[in-house]
Every structure is written in structure tokens, then in C-alpha cells.
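Following are the structures in question.
Look for chain A in each of the two complexes below; its partner is chain B in the first and chain C in the second.
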Partner chain A sequence: MTRSLNRVMTWGVRPPWLQVARRIVRNPPALFGLVVVIGVVLVALLAPVLAPYPYDKQNLDAAAQPPSAAHWLGTDALGRDMFSRIIWGARSAVFVIVMVTLVGLALGVPLGAAAGYWGGWVDTLVMRLADVLFAFPGLLFVFFVAATIKPGIEAWARAMGWRDLAQSGYLSYGVVILSLGIVGWAGLARLVRAQVLTVKEREFVIAAHALGVPTGRVITRHILPNALAPIIIALSMGMGDIALSEGYLSFMGIGLQPPAPSWGNILAESAGRYWRAFPQMVWLVWIPGAILAAVVFAFNFLGDGLNEALNPEI
Partner chain B sequence: MATLLEVKELRTEFHTQDGVVHAVNGVSFTLDEGETLGLVGESGCGKSVSMLSVMRLIPMPPGKIVSGQVLFQGRDLLRVDDEEIRSVRGNKIAMVFQDPMTSLNPVLTINTQISEALELHQGMTKEQARKRSIELLQMVGIPEAERRVDDYPHQFSGGMRQRAMIAMALSCSPQLLIADEPTTALDVTIQAQIIDIVKRLKRELGMAVVWITHDLGVIAGIADRINVMYAGFIVESAHVKEIFANPLHPYTLGLLGSIPRLDAALKSKLTPIEGLPPDLIALPKGCPFYDRCHYRTERCENENPPLELGAVRHSVACWNWQDVRKLRKH
Partner chain C sequence: MGTFILRRLLWLPVLLFFVSVITFALGLYGPGDPVQVMLGLHANPETVARIRQEYGLDEPFYVQYVNYVKNVLQGNFGYSLVRYRDQPVGRLIAEHLPVTVQLNLCAIVVGILIGVPLGLIAGLYRDRWIDLAVRAVVIASISLPIILLNPVLSFIFFREHIVFVPLLDRLVSIGPLLPQVAGRWEGVLSPKAILPVLIEATGVIAILTRQMRAGMIEVLSEDYIRTARAKGLRERVVIVRHAMRNALIPIVTLVGLMLGGLVAGSFLVESWFDVPGVGRIAYEALFARDYYVIMALTLLIALAYVLANLLVDLMYGFLDPRIRTMG
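Let's turn to the complex of A and B:
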């Protein structure tokens, strides 16, 4: 009797991740977000296969061409295939999003957890630092940091003997990732701190201490997993912001530098001198702009969907 | 029997915005190996805080263990380093908490939670710990333990969760189990089962138990000795039969008067203790029970009575316990 009753009771229980997945799929905006995000990630991973040309292959004989069978979106002033550059731009965007998120996690989670758990001067120090970061208008501060650390990173590369790298423009990935990461951890730290503050008072944390679990392990195994849902939601929302910020930085010329492909620097090129010379190629402004907008919306919809899926009672 | 735990003059305070809360005010008691001690009193009288202080689980700040000694097997737990207290917690002294709904971690499986102490203190591998977890669950009477060990707490009922908590606490065969109102959140039939489990395991494992409760009915069947606490003081301490047969402190008398008895006359009313316990921020200089006491005298207002021997192995903190014995109504 007990046996069959137990069967019945656990029969209808699906694994939690499956329940979340179902709620996402049944929520149209979240599903749109998920599809776009997966699409962009796939394009990023398969860029070498999908793109008909290398993103940096110049062909001055075929410069500034309108769309054709060979170049679906035409070519830029240096004869680079725009369709390929936009595909490779997905890889840049995804790489920057992932790396900035990792930097944010690496800084925000330990600092926020320490501030929330120990309180006192640790809390004061971390939170005042976060306040300083919040006191500046976000993107302005990123510009400031990017402009400040760029010469330093280039000098460091030269000192290491990587002259080619220092001049190539690829170091700009490091500049973008570090500047967005340095500014971006504060929001996550605040969130983690608030979560730790509430979870650490719960009885199972005292119970863990009563079992003799060391403090570090209490934080990582007992407290943080209980704060996972809001962190996941915040990260998802934040990824859209990161994509947009990378676009801004690259558009302003302090982000990713050509030949590194970025929707932001493609926009800048297309909307600048080049567009004045070839105003008929307006799609080179529209397409990267529309893709960037879609990605930002996608991450926000997905974040909203996750919020509803992970907190179904609200 | 050898002394397992000796608490001397333990004082714990909480520093809050409103002032200093004197939660435990010089509590002393001893516990022998294998003995069961009942710690009784109403909410906020310092039962839990005194035992949490013994394990150094008071959140500091705002809490502070101001003074005292906690001698466990001869070592003062209040003065050993963090590493050493961790090796005692869960290993030699274990604790079961009041609410099984909140004292299990919702995101970890039962197996993970029981195994944790085994891996930490006994150096078991994951497989060994899992095997032992299943045995422990069987010991506390969870059916189909091999399968249920991988469940999450939300798949367990309240009584099963409290059994799992007990399995966790007993995983390393502690010498002392502190049970902080482990049956309060459960319904009566489950309460009886939990009490039976603890009694049986206590007999089998030979451990000492401190059972914290506000329910004298629960404690009567388990405890060897009872400490009655009030406003952070121990006001009476005696063998369980002695407490019920011959209460000397007016507060104990009040507690006994406020529980229903099967042998009471029909339609007789329960007599509640009038009033409220004193504000722990501003304790009176005299007896803390003064305001609510039917036996109070002038001396009680100005001098706090110490815990003194009133009868054989029976201590009481009351200036007028001899009058109480003469005047009490049953």
C-alpha cells in the first residue's frame, strides 16, 4: 500500500528543470527570446562554416559593391563581404557576452557573498565601492574605463613582446571585456548580497553550521544554490545590456576595432563616411541595428520568462 | 556516571538597537553521559539560546557570549578555536531543530545532506556515506529508504523530514543530542512516533539528550531530569518525578496548573499564569517572576534568589519555596 502510494505521489513530479523549460516554451515572448538566443549562439559557433568569406578578407577590386549573388549584402570600402562580417559579428558578440558575464560572476558573486555573509567592514567596503560605480552614468563610466585601460593593455602586450598583437586591434576584445566587467559586477554583487542576507538567516543554514560544515562550504553549498534563481534571471537580463554596451563602445570607436567584426563597428562604418558616399546602401545600417535590437529584446524577454518560470507563484 | 557536559555561569546577550537583551543570565547545570535533560520554559526564556551558546551557534553580532564555561568532556567549548568547535559540531554534539520544513536545505537531496557530516567527520567516500545514509533512514523508519534517499525535502512529509533531520543528527553517533522542540511543528501522532524513535535510539546508542520544549506533557515521558527556565535563569531543577510531584517554584507550579490533567475533576478550569515575562532588556533587580507571583514578598522585589538546594537533588531559585510547598493547592 505504502509502496504504490509512494509511486503515485512521485509519479507526477517532473524534474525542476523540465518544469522551467515547459513554462518558458508556453510563454511566447520568452520562447522568441530563447529561439533568438539559441540562433545567435549557433551562428556564432558555426561562423566559419556559415560565412562565405573570411571576415577580414579584403578585395579592393570588389570594393563598395551593391548586393550580388557573390556578396549578398554587398561589400564595404575595402571589399570585405558584409554578410560574412555580420555572421562573424555574432561570434564577437557572444564571446564578449560570455566573457563579461564570467568576469562579472567572478567579481560580483564572491564580493557580494562576502559582504552579505560577514557584514561589518567587509560589507561597507564592497557596497561603497559598488555605490561609487553606480554613481557614474553607466555607459559613460565604461567609456572612461575603456579609454583609460586601453593604452595600458597595449603597452603590456608590447612589453610581453607581442608587437603584432598590440597593433592588430584584437586587444580591443580585452579592453571591452575588462571595462564592461569592471563596471558590471556591482549590480550582481548587490543582488548576491541581498540574497545571502535573506538565506543566511534561514534555519537550514544554522543546521548546516550545527553539523560542523566549514563556513566557506556553507556559503557555496548551502546558501548560494538557494540564491541561484534571481542570479540566473539577472544574468539573462544583463546579457542583453552587455550586447548593447559592446555595440555602443564599438560604434564610438573605443570598442572592438576593425578588422575584428562587430555589429557596432559595422554600424559605425556604414553610418559614417561610407554611408554618405553610398546612401543607397542603407541596409548596412538597418541590418546590424535590427540584429542588435533583436538580441537585446531576446535576452530581456528570456529574462522575464525565466523570472516567471522560476518564481511561478508570483 | 561520568559527567559529559558541565555548563557554568553561562551568560549570553544580544546587542540590538533597543538595548542589550539579556537572554541567558548565568545558567549552570551538568549532564551525565546517557542522561536525558528536559529544558522547559515559555517562549523567549532562553532555552534555545543557552543550548545554541553551548554549540557556539549564536549569530555574532548581534549575539555575544559574555561569560561562562562550557566544559564538554573536559574541554571548554567557548575557548577552543573554530576548527575544533567544527569537529565537535555534528560529530560529538548534534542538534535537531524545531521546524523540519525549514531546517532542511530545499535544493539538496536528503542523501547529500546526511552524507555531508559523514564525509566531513568520518572521512567517508561518497559511496560509503550513501550506504550509511540509507541505513540511517531505515533506522529512523523511512520506508523504501534506498529510493527515498535521493528525494528532495519537498517530496517528504513533515514527519518524514523530522526523521531525516534525526538521521542527519545521529549520522556520526554523537555523545550528546540537542533536540530543540523537535515535535512542536508536528501533529500529535507523529509527535509520539518521533519521541519513540529518540527514546529507542538513545537506548541503543547510549547518548545523552537535552530536550528543549515548552510542553511538560512531552517531557514527562522522556526526561530523567528537568530544568525549568524563566527569563534566562534556571529557576528549578530536579528529577522529573520530583518536579511533577513536588514543584517548589511558583513558576513551575503555574506551568503545571496550565496543562490539562486526566485525573482532574470534571469542568475544572485550567489556570493560566497571569501577565507576561519581564522585558529582557530591562530586567528587574529582584526576582524576575515577581510581577506574576502569588507568593511574592518584599524581599523578592529587591533581591534575586539564587538557585539553592531545596530538597534532595532538587534546586530552586525562590526565597519562599517553603511557603510554596505548604500553601500549594494539591
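Let's turn to the complex of A and C:
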């Protein structure tokens, strides 16, 4: 009954997500961002189909080759197909972005919401913890954490009897995700707290309390959905930062380790000794760099577009 | 306001305590043993054990931590173990910090000079092409990975050929610029500082432009702006005297917060442009596991961050009289 009444009352009014979508589509940079993000996700999902070779298949007979019909972007010093590595790099990037965002959400949203809702000592505890994390020097701290937890994670894998895994370089995904996640949740927690503070005194929240809705349900069903817009914007911009940080970490050799494909470590390999030895293969620097830049642009443009679309009054 | 400041001041040592414990633990339980680094990988295990005992490194964590704090309170930050072997960390930082501070100050000044006018224009002409252009350029400039700049810049500046087309190459060759950007650091007032300052300024420009734009848009919709226009003030006066001034308040806050970052060198920029600042030292120390250096720098940055926050909270009171009456 109420449902059909609802439908009648909103008849002719576009649903809010459609309005947001329209504003995004009419904003060229945001549209560019959306297209690139969807494209990268598709490439990441379809990597096994799109890549002509496995990303870690070495072919020493065809090492360090210029582009050819067989290898569109040439091969690296171990004869790995660069085109395939760059395609698989999208999967690494998307995987890291999604996982770090999930870690950030899992820590930041409950802690921030609890701090904002209950206030008092919960608030003090969470916000002071965030303060401590903020006082550390940004990316350098992430590097420090990554360099510190890496041997620990490897030792743990060995202790579990996963010797091959410990040596393979794939554990580096865990290192990157953990260090970025641990450091990154504080910003989200602050944002969620501020949002909850502004929403929790609104009439509909008081009404929900008065109707006897349990506190947990009030937070998840009434407060958080109304605090969503800034969180979505921050997440979108944060995803660009995560991609960039993963690139930096991998570039510095603390992030994803070869053979795991990452635009950062491809860039590092190409810009380092390898590039000096084969200066004509400069595209191995430009292409992963340009793709990384485009992905970061895309997330930032999208975040900016979402900001305009979700806050039309500002 | 008084109790608020008092609370803030009391919180400061607590925060520094947590920061130092975390950093100390990361350094101690991280990979690489400073003694091993000092003596080399093939050192005699007995020697290693003896030196560990000498330096008190075999003590439990809290004893080592308390010793460290005692030393720090006496102004002794320990010694560099690796690259700058046996130099006191305090002196090392005192030598390199001025360079970073100068570089960052220049970056902030450049950032203000570019960012504020850009944001002002974008806010005034909201949703027109110039606003879209400013936003796009700003986002693009912060998104550009700094790791890409290194190969790109070295490609541009350190190669004889740029386009590999003989005649065109001569036209666009930047050979004459080469000595201006490469080689040893000569201080922030030399042309060599242009690129690092500009790169470090991009972040400042982005933040200030965004804030200034949002601030202008918000202020321009206020009632007193309508009043000012209604009483027939010229548009220029309305914008400069009524709108801009109020939109600048958050800018002052942001710049204040940036002052906290003055002591944190951008390690990527500093290591690539051969800037002898603390960022480069931190970077080297991190990879060499030279952890007294990392400890001291982290504490310094944390302290600066907290002090800047405090400063900003105090400034609010001066800038916005409405806050002064509270608390």
C-alpha cells in the first residue's frame, strides 16, 4: 500500500541516481573518468582473454625486442611480452584498489560512525588514533610500514608451510594492501564521523529513535545512507591515490614484485638499467606511465564530477 | 577557548609518545639489524653479540625505548649507522633541514600566487569554460605520477635528441638549458630550483584552487553579497571587499596546515633533483635501515604537524570573531 502510494507520489520525478548519471554524462571530464574507469575494470576482468601471452612467460630467445606483429610493445630483458604485462597490470591495479578500499571501508566506516554517533570516550579514542596516523609523514610512512611488515608476512607464509608462496613475490599484494589500508582508513573515519555528526540530530533520526528502531539499525539504515554522498566522492578520489601509491611502492621495489605485473614495477624496470641499455625502447617508460596517469586522472575527474553532481547547491 | 587550547597542549606529548612508540617498534622489528648493517653481512656472530650488548640492543623493547627517550630529551638523537656513519643525527638534520624548508616555502608561495587567483576566477565563472579548464588542469597536475616525471625529465633534459628528426631537433633542442637544471644544488634562488619548486607547488596549487573556488561559490550566495549589490556597490568592490575576503579565511587555515609540512621533504623530488634536503636523507635512511635517522625525522614531522594544527586552531579565533566567544 505505502509502496504503491510512493510510486504515485514520485511519478514523473526522475530517480536520484539517474539525475546524478545525467550530470556526470554532461560533464566531459567526469564522463572521461567514468569511461576510463569502466575500461580499466573491463580490461582487468578480461585480462586472460585479451593478453596474447601469459604475463610471466619468459622467452629468452626473444628478449629485448622492438615492437613486432608477435609482440606489439616489444619484450623485456627476460623476453616477457610487454603488451601482456601491461594488460595484466590493470588486473593488479584494480585488485589492489578494490582491496585497499574495502580495508579502508571496513575500518573507517564503523569506527567513524561509532565516534560520531556515541561521542564521548569512543570519539576521543578513535579520533586520537586517527590523529596519530595523520601525524606520520604520508607516503614515507607507507613505505616504512610496507618495508617493515614485508619480512613478517613472508616469515608467516613460511611458517604456514607455503614456501613457494613466500618466494613467489605474490605475497607483495598482501604487503601493499595491508600497508595502504592500515594507513588509509583514518581519513575516511574522520569524514564519516563529521557526516554522522551533522545527520544524527536531524528530525528523521529522532523520529526513528522515537519509533523504537534499534540503534544499530538507525545508524545503518537512517544515518549512513544520508551521509553517503561525501563518502562516495572521497572514495572515488581515494581510488586514484591508491593506484598512485601502488605505483610508487612498486616503482621503489617495496610494492608488487615481479613476476607479478604492475605498471609501477614495469616503469621501474624500464626506467632503470634496462632503459639505459636499450634507450630506443622509451615507450616502455611512456606507456605504463601514461596509463597510470590516465587512471589517476580518471578517478580524480570522476570524483570531481560526482562532487558537482551530488552537491548541486554548493 | 582557554580550556580548548589547554586540552590541545596536553594532548601534544601524548601524541608524540604514540608516534615515537610506533616508529620505534617499526624500526626495531623491521627487517635489517643495524649492527649487521654496521658490520657487514659476514661479521663474526660473537662480535655482533658484543656490539649489540654495548649499544644496549639486547635489552627488552621498553628499556631500549626509555633509553632512547632519555637521550632525545637531552638532545641526543643517536648516530647515523650507515650512509653518514657516526654523524650525530641532530647535526645531520640541522644541516639538511634549511634546504627543505626553503624549497617548501618557495613552493607554498608559488602555490598561493597561482592557486588563489585560479580558484577565484573559477569560482566567479562557475561552469563556464574557464572554470572547467581550471578544474581539469588542476586535477591533471595532481594526478601526474611523480615517478613518471623522472624518466620524462631526464629524457627531455639529458638527451641530445628529442624527436629524432635532425632539423626539427635543432629547433626544439634545449641543450642550452641543460646546465641550468642539472648538476649540484645551488640553493633555492638558482634556476636549478625552478623545476623542483614547481613540482612541489602543484599540490599546493590544487588544494588552494579547489578551496578558493568552493569558498567563492559559497560566499557569493550569501545574503550580505545580495545586500551589497542591492545597495549599488560596483561589482568589483563586492567581489574584492565582500566576497574574496571571506573566501580567504579557509585559505589561511590551509596554508597554516601546510606550514606543518615544511619540515617534511618530498623524498622523490629531492632525490631526483639532487636537493640536499631532509627528504633525501629520509629516503636513503629508509632503504639503508638507518633507523635513528628515520626516528628523528618522523618525530620532527609529527611535532611540526601537531604544532601547525594548534596554530590553525588559534588563528581561527583571530580570524572569525564568532569562534572566540565560544567555549
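As a working rule, the second predicted complex is superposed on the first by the 303 of 314 C-alpha atoms of A that agree within 3 Å, B and C clash if a C-alpha of one lies under 4 Å from a C-alpha of the other, contacts with A are read in each partner's own complex, and residues count from 1 in each chain.
The rule is simple: a contact is a pair of C-beta atoms (placed from the backbone, for glycine too) under 8 Å apart; a residue touches a chain by one contact, two chains touch by 3 or more.
Treat the numbers as computed from the prediction; the structure is a model and nothing was measured.
S.K.: Just from the overlay, do chain B and chain C fit on chain A, or is there a clash?
M.R.: On the superposed model, which is not a single observed complex, chain B and chain C fit side by side.
S.K.: Does the superposition put A:A147 against chain B (first), chain C (second), both, or neither?
M.R.: In the superposed model, A:A147 contacts chain C only, not chain B.
S.K.: Check whether A:L244 is in contact with chain B, with chain C, with both or with neither, and answer first, second, both or neither.
M.R.: second
S.K.: Taking the superposition on A as described, I'd like to know which of chain B and chain C A:N300 touches: first, second, both or neither.
M.R.: A:N300 sits against chain C, while chain B stays out of touch.
S.K.: Could you tell me if A:S68 is touching chain B, chain C, both of them or neither one (first, second, both, neither)?
M.R.: Neither chain B nor chain C is touched by A:S68.
S.K.: Please determine whether it is chain B or chain C that touches the greater number of chain A residues.
M.R.: Partner with more touched residues of chain A: C.
S.K.: How wide is the angle at chain A between chain B and chain C, using CA centres, rounded to the nearest 10°?
M.R.: Placing chain A at the corner, the angle measures out to 90 degrees.
S.K.: Does the superposition put A:A135 against chain B (first), chain C (second), both, or neither?
M.R.: The answer is second: A:A135 touches chain C but not chain B.
S.K.: With the two structures laid over each other on chain A, which partner does A:T220 touch: chain B (first), chain C (second), both, or neither?
M.R.: neither
S.K.: Once chain A of both complexes is superposed, is A:H209 in touch with chain B (first), chain C (second), both, or neither?
M.R.: A:H209 contacts chain B only, not chain C.
S.K.: Pick out the closest CA atoms of chain B and chain C after fitting on chain A and give their distance in Å.
M.R.: After superposing on chain A, chain B and chain C come no closer than 6 Å at C-alpha.
S.K.: Looking at the complex, which residues from chain C come into contact with chain A?
M.R.: That would be residues 11, 14-15, 18-19, 22-23, 26, 29-31, 132, 135-136, 139-140, 142-148, 150-152, 155, 159, 214, 217-218, 264, 267-268, 282-283, 286-287, 294, 297-298, 301-302, 305-306 of chain C.
S.K.: For chain A, which residues count as touching chain C in their complex?
M.R.: The contact residues of chain A facing chain C are 28-29, 128, 131-132, 134-141, 143-145, 147-148, 150-152, 240, 244, 247-248, 251, 264, 267-268, 270-271, 275, 279, 282, 285, 289-290, 292-293, 296-297, 300-301, 304, 314.
S.K.: Can you check the complex and tell me which residues of chain B touch chain A?
M.R.: Of all residues in chain B, those touching chain A are 55, 57, 61, 86-91, 94-95, 97-99, 102-108, 116-117, 120-121, 143-144, 147-148, 151, 155, 165, 168.
S.K.: Where on chain A is chain B touching in the complex?
M.R.: Touching chain B: residues 2-3, 6, 9-10, 13, 119-120, 202-204, 206-214, 221-222, 225-226, 228 of chain A.
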